[in-house]
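Below are two complexes that have chain A in common, paired first with chain B and then with chain C.
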Partner chain A sequence: MAEGPHLAVVGAGPAGLAAALAAAARGVRVTLVDSAAEAGGQFYRQPAAALGARRPQALHHQWRTWERLRDGLTAHVARGRITHLSDHHVWFVEGQSDGFTVHALRGPEQEQSVAVRADAVLLATGGYEKVLPFPGWTLPGVVTAGGAQAMLKGGLVLPGRTAVVAGTGPLLMPVAVGLAAAGAGVAALVESAGARDFAGHARTLAAHPAKLAEGARYAAELARHRVRIKAHHTVVAAHGSNRVEAVTVAALDGDGRVWPGTERRIACDTLAVGHGMLPHTDLAEALGCRLDGPGVAVDDEQRTDVPGVWAAGETTGIGGAVLSLAEGRIAGLSIAARLNSRTPEAGSYEAAVKARTGLREFFAVLDTVYAPPAHWTEQVADDTVVCRCEEVPASAIREAAGELGAGDVRTVKLLTRAGMGWCQGRMCGPAVAGLAGCEFQPSRRPFARPVPLGVLAGTDFDRHHTDSTDSTDSTEEGSS
Partner chain B sequence: MRSPLELVGARPGPAFTVTFDDREITVLPGQTIAAALWAAGITSWRTTRGSGEPRGVFCGIGVCFDCLVTVNGRANQRACLVWAEAGDVIRTQEGTGHRGHHG
Partner chain C sequence: MSDKEPGPELELALLSGRLWGELAGEPGIAAAVEYDLKGGLVVASSAEGLVALEGLADGQRAVGVEAVAVGAGQLHDIEPKLAKGLAGGVLYPQDAQVMPTLAAAHVVRLARAAGASLRTGCAVTEVLRTGAGAVRGVRTSEGEIHAPAVVNAAGTWGGELAALAGTSLPVLPRRGFVLVTEPLPPRTVRHKVYAADYVADVASDSAALQTSPVVEGTAAGPVLIGASRERVGFDRSFSLPVARALAAGATRLFPFLEGVRAMRGYLGFRPYMPDHLPAIGPDARVPGLFHACGHEGAGIGLATGTGHLIAQVLTGKTSDPDLDLDLDLSPFRPDRFPEEGL
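Here is the complex of A and B:
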């Protein structure tokens, strides 16, 4: 392999791809590691090649940008400048005196261990959806909004025939559009934010005409599919025995409480629900990177406070695909310069910085506008399961916080087992904090993925690798 | 009803079969086990350890672990991540999947 500094990028979404392309174009050798079968991340998630989709763009927006990213990746891979390791799940990034080792698992059961050596690391792992509990939310057919979209874009499948899309946030509109375009009936889009929430921010919003036009396009598509939008409404409960059969939807009053008497039942076999997103920060935390709120803290060049580690895209805070692209580009340019002891070149760097400033401002507003109903906890019945893995009901969490006096999420967890199951509290974390009346904090997890004991036992954390990639079970090959 | 496959003009490779709880289902190459089960109209393939509630896909991206299923005798596989392969024997996972009622 060619000489020169080596960058490992974790995550092949908009942020990771933009960074990989910018760095590779400036002579950095890049290994792009991602758990999915194809590059693209959440926004540009692609069906597997074997499905033979001739018009995947029918499920996408901003397809031209994707074509540029995809063609750039293909060209760099062909020239040996980027190695794309798909189907590789990174569970740990290890900092060493002379660089980093990225540890990944691959294979159908994720038991083969692969190690990639690098001089610098970019964390571009994106985020995952937050869903707050309500009676019936564990019924089959109730899925996260992004999950429905991911299964549709990646597997070309729908969960049912009639969907309700609900919760809050800018993701709901594209999800409803996607489901409707693919043939599902969308009975309603239930959004807890209302026009009044936007009114106070008219000036900031108006400064971003491209973003407003995007929203208007989604709204027009929803109108074309005759999707009813119920703003300032919330789903109170999902009903059914072995799968969801209907949901009850109600209007919210000015304080964000359910307005008694406005409840309506809507028949559906699918509820796609989401209340915003949270950044993936496990790899960063294990490296010792500082967090800023729920995301990884970065400076103007997208550097974390750990030398040699950059972070870009939604792992640093939620802001959509276009912001992820800008941050990725800034990170890639910064890495290429810093690995050669220079400062980032002017020009395209400054354009990306300008885009980043504007989009961060825009999403800061969206973040205050799109909020779950202020009194969502009142709708959570005592017997509603909150921790889906350990089946901990709301009553147990209320008891821990009340009678037992637990004042933080950690203590609630120890008393109730909420957050101790397979998902490590990723799904119930915000709900447990909300119900216990304490602040949500990302919980520290030693590894980003469950790791087979055999792999842990066989990983020699201090060994110095001579090669840039090293696989214990198989010979390494770049895919894509 | 229009289907996602029609929407994107899919021309998948030849379909194959797997079994889910002894029932034969048809799968397209390039689908995960979760996608294959959804395409067959199946939305739950696990029962919880405590109250035996049915579960299936929730997050769709490998984060929630609600979609655990037993594949070829191995329990706790995330259906949304594992690719379906011809001849797979897929079974509803009950509880931890280690009680041995299923082969």
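Here is the complex of A and C:
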């Protein structure tokens, strides 16, 4: 299979799909690798049912986009231009003198290793949800915003259930709408940002009427379902013995502190919380790519500072599905040109660049507006578990930063084991930093997924080639 | 203890081991720092390897190290999950383990309780000296601190600190990777277990990559897998070939590890000295400057003895009859190296 250069795309969300289609249409052989069973990523993974019978215009529009991407993928796969490796968990991308090897684990236990060779790599691994702790947050029934989405998909949210959606960020509204549309009662949407937070940014926001209209449509949907929006409020605690039975919600004062006396109990059996998203940067960091804040740093063409490695979508910064699509398209066009030693024609992606500029500006504003309450740590009790994997309570983190003198997140982690468990601090990283009073830094994780030592050692490889690996020139781990 | 040939470093190790034991005897400390006198087990895969290992053990016994020969048939009684077919080994009951970050934090806590103060986020940018050249303190990113004595305990950066004081110390970074597995049940791996060729790697002067397996469990459950050694400056990029070599070495010693997952890996820079001995004691070239650095891959183990000796020197004590300690610091003299053009 000597024809054409070969691109490996990690992540089949909006960014990865848009890039794969753009590159494949221009003669690049693409292998699309994703841990999920189906293409679509975070956004398009959501079931049609969640969109409700009366789909809001904005969602409907995005559904059309998804259908176009999905049909494009099917067509390219049929023609052999794109190989889609689903259920493949990439644990490492290795840079070599003559290209790259993408190492993935597959199989029910993720113990078979597959290696995909490529001339270039696009990292489109998206982001993960940020959740801050509060008393009761580990009770069954408390889920992340994305977890609520998954419940919808599994049909687990039955009409008659009562949910509260809380935290901060632009995802809360679509999640609340999705829950309500699926028949759950949504007792309240609790958002810590308030109208005042938006006031200073009126001009930037007004420059994005489509985005504002999207928000207005969600708000209208919420009103139709009689969902109360409690802005500038926060969840103080979740209560229940075996499962969440109620939450206490309180108003915030001008400094972002809980306003004493405003606490109110709301009965519910589900609490969906989210405090925004953070980019997945593990694979990029292990490759040596520079980060810019929490995301992977890229240039105008979505190239990282490591030659041959591009990054697009939320791995470079959180900005929603439409921005991911634009960045993916730019990356795909750039890769197709660069792999054929050409400079991409600026005209070919002018529209995408324009969309990217505007959306990045818009989301930069949202990022400052949607922030957790400034003094959220005051609500965290000493016995509140902060790291769920290692069961580390807030008191241990406070002690490490106080009596034991830890001055940075890494030391706190080493002293308390917070962030050393199965999720490797993806869940508790920002919380630990906040409680210790240190700056949050994405921790370095050389392996994006836990990898069996037998696979690393090269003694435990799957000898029979699979169809998918055969058709992509890949070699089995350790077969050399 | 186990990886050291007879000589000054082994004597420092024996002293340090005793002091760690005393420290661990203080109320609450052993549990807080995860002190575990678990013993080290060195195994040989071949008959020749075993002969060399036993020769080393003989020399170590002569200077007071406990070393127990373990025949091939007994290996699995003391370390059940070891690979089959090994030639034999030597058990070193005095080898202990601590969790280094916790140990450092608790030692600092005890020091503060005794009157010391800790300033974090505070970088020394200059060593202040009198007109005559004697040390009179340090300038830091947070202001000056005045003192007639300055101890250079800057580890791998000890050479840079020496340079700030107008002198030199040839400390170089020797990079090492460690793989950390998912948690395993207690005592799955009972000792610090390593292959006999590790001893040769530790003593090597080569800059090229060496890996020989070292496998040890931890109080929290994860198993640590080392050890690679290479001199590549302060290069922080993760190397998959090194990780593969570590995994291959560990699974050769413990085949059951093939199905155990590596959760993460970390890398660090050991403070390497050309003759593998730390610099401990006063610097004859700069009055008031003391060094306590350059312990390479043994700086945790040797920390207690080093601190003790530096304290003795600073307080003017020359011997300690209780400890029956040979205070001959001359092998560790900081100015033992030929002067590099300053």
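Here, the second predicted complex is superposed on the first by the 429 of 480 C-alpha atoms of A that agree within 3 Å, B and C clash if a C-alpha of one lies under 4 Å from a C-alpha of the other, contacts with A are read in each partner's own complex, and residues count from 1 in each chain.
Heads up, the rule we're going with is that a residue touches a chain if its C-beta (ideal position, glycine included) is under 8 Å from a C-beta of that chain, and two chains touch if they have at least 3 such contacts.
Note that the structure is a prediction, hence the values are computed from the model and not measured.
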| item | value |
| --- | --- |
| First, second, both or neither for A:Leu404, with chain B first and chain C second | second |
| Partner chain(s) touched by A:Ala251 [first = chain B, second = chain C, both, neither] | neither |
| More chain A residues in contact [chain B versus chain C] | B |
| Touching partner for A:Val451 - first (chain B), second (chain C), both, neither | second |
| First, second, both or neither for A:Ala231, with chain B first and chain C second | neither |
| A:Cys423 touches, of chain B and chain C: first, second, both or neither? | first |
| Touched partner set for A:Ala75, first chain B, second chain C, both or neither | neither |
| Partner chain(s) touched by A:Met151 [first = chain B, second = chain C, both, neither] | first |
| Doubly contacted chain A residues - partners chain C and chain B | 390, 422 |
| Residues of chain C that touch chain A when the two form their complex | 101-102, 105-106, 108-109, 112, 118, 120-121, 179, 181-182, 220, 222, 225, 237-238, 240, 243-244, 246-248, 250-251, 257-265 |
| Touch list for chain A against partner chain C, complex | 92, 94, 111, 286, 288, 390, 400, 403-407, 411, 414-415, 417, 420, 422, 424, 444-447, 450-454, 456-460 |
| Residues on chain A engaged by chain B in the complex (per definition of touch) | 35, 37, 42, 47-56, 58-59, 89, 108-110, 128-129, 138-144, 146-152, 154-161, 181-183, 242-243, 385, 388-391, 421-423, 426-427 |
| In the complex with chain A, residue positions of chain B that touch it | 1-13, 28-32, 34-35, 38-39, 43-44, 48-51, 53-66, 68, 74, 77, 80-83, 85 |
